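A, B, C and D are the chain letters, set down in written order, and residue numbers restart from 1 in every chain.
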Amino acid sequence: MSSFIRSYKIRFEDCDMAGIVFYPQYVLMLHRIVEDWFAEALDMPMSIMHRQHKIGFPTVNLKVDFRKASRLDEVLEWSLEVRRLKTRSATLGICACYRDERRLEAEITIVSVDLVDGDISSREIPHGIRAGMEAYLYA
Amino acid sequence: MSSFIRSYKIRFEDCDMAGIVFYPQYVLMLHRIVEDWFAEALDMPMSIMHRQHKIGFPTVNLKVDFRKASRLDEVLEWSLEVRRLKTRSATLGICACYRDERRLEAEITIVSVDLVDGDISSREIPHGIRAGMEAYLYA
Amino acid sequence: MSSFIRSYKIRFEDCDMAGIVFYPQYVLMLHRIVEDWFAEALDMPMSIMHRQHKIGFPTVNLKVDFRKASRLDEVLEWSLEVRRLKTRSATLGICACYRDERRLEAEITIVSVDLVDGDISSREIPHGIRAGMEAYLYA
Amino acid sequence: MSSFIRSYKIRFEDCDMAGIVFYPQYVLMLHRIVEDWFAEALDMPMSIMHRQHKIGFPTVNLKVDFRKASRLDEVLEWSLEVRRLKTRSATLGICACYRDERRLEAEITIVSVDLVDGDISSREIPHGIRAGMEAYLYA
């Protein structure tokens, strides 16, 4: 078991009038690490997944604990692991740290869906993607 | 006890490649109804709160259940109520519906803080704001 | 000839660390007034245009003069008129004011395209939409 | 004279219902390359500039030519050069390419301002920043 790790810098666009990260921007960063995990760890960039395979992984549940404020130009280290893997869904644990300080802890549940003519219906996670996810399953 | 109700239209900017609302945009909408509630129901627009009173209400916890996809040009009805009111924090229940269909259920915890010279420390919810919040307390 | 007028409030999400509107947020507002103009003045909501008619109006040129900073909770009045109308494109003049003060002046050129299977190619502006646009042509 | 070059990947959050970059997202990318140029080429990260030096560089004019659509997962190469350098302002030329194809050309004018107690007034570009900018002046 391993975690997927990426670092993202807090940008000017992420900060609010109080000079700290505006929390919807954190949620964008949550999506970014999931997107990078699909592309780089599961070998399934979203462009290929959407256009060629006509599948998607919408988020159906989100829980976030915002522990400490983050500020402009800080580089946060994000890590992602798989907490639960079901036939049609996966629950991911994601946290972001600055040095030794935990800034955010999140849990996201994504569901595998077919994207056909604008319709969305759940389906089994494709075998290749599931195999990739298992390597990040928290033991 | 009453709920605070507002309607927001799904805009082009909210929709992703699959033609449905991209979930971080829903989180922006959660912030919007809280912002409108402060301005219109609690009589405390964020501009006054930040600049004159030097207080803020950052979100420390967020839970969202995304039940059904929403699409461009749908007008969702959002409602907000207070679930728990503590000395320094309030937990809000927010849901969004399209006609009879519940699209999203969320719970947000906000904390009262002093904004002094870029520092952020928790404080009691000011009396006037607390009194306004009580009217939205779910009985 | 008339202008299309809408008012939008500056929200917390629009403001940067200096407490003024972050300029990419102004560009989002430019898109919003164009979107509202299509839906309300041209009777062609983008959802219908995209899904049923398979046409779009991407922006190919943008010029903006940011004259004065705007701040949280100010309600700006936006107005839109058509400056030039060609076979396949329209150039729109848009400005935003706060009371007597002009905050922003912009010019946007949009082009009519067919959206077929992810391909994009320019086409004549459909007759019904063109007729609607003519009513906003600056004489 | 040299150009400042950075590459940014098109993310899911940047794409609209038609599967191409939504143009306000391009404007965010324009801000990002300016931000990275200040931090990495001018040795003046925006966090230091805002908090310690109390100066800012708001954008007062923006012109963009959107030449070709960009799509998810494409990595665009952005380049920035200084076109005009005045006492209080700088005009930057920015373009974004995908392989041999020019996707976007932009010109941005930024003005040096003092940020004091929420007030904004123009000032001379500080000497050290100006010296850094000169190295990117297009000859």
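Following the convention adopted for this analysis, a residue touches a chain if its C-beta (ideal position, glycine included) is under 8 Å from a C-beta of that chain, and two chains touch if they have at least 3 such contacts.
Keep in mind the model is a prediction, meaning the values are calculated, not measured.
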| item | value |
| --- | --- |
| Chain D and chain C - chains in contact with each | A, B |
| Superposition rotation for chain A onto chain B, Cα-based, multiple of 5° | 180 |
| Chain pair equivalent in interface to C-D, over half of contacts matched, among A-B, B-C or B-D | A-B |
| Self-contact between copies chain B and chain D, residue sets same or different by half | same |
| Between A-D and A-C, the pair with more C-beta contacts | A-D |
| Centre distance in Å when chain A and chain B are each reduced to the mean of their C-alpha atoms | 23 |
| Centroid spacing, where centroids are CA-atom means, of chain A and chain C in whole angstrom | 33 |
| Gap in Å, rounded to a whole number, between the CA centres of chain D and chain A | 28 |
| Junction residues of chain B, two or more chains touched | 12-13, 17, 19, 22, 24, 28, 31, 50-51, 72, 118 |
| Residues of chain C touching chain D in the complex | 17-20, 22-24, 27-28, 30-31, 50, 56, 58-67, 69, 115, 118, 120 |
| For the chain D and chain B complex, residues of the former touching the latter | 12-13, 15-17, 19, 22, 24, 51, 72, 118 |
| For the chain B and chain C complex, residues of the former touching the latter | 11-13, 19, 28, 31-32, 35, 39, 45-48, 50-51, 71-73 |
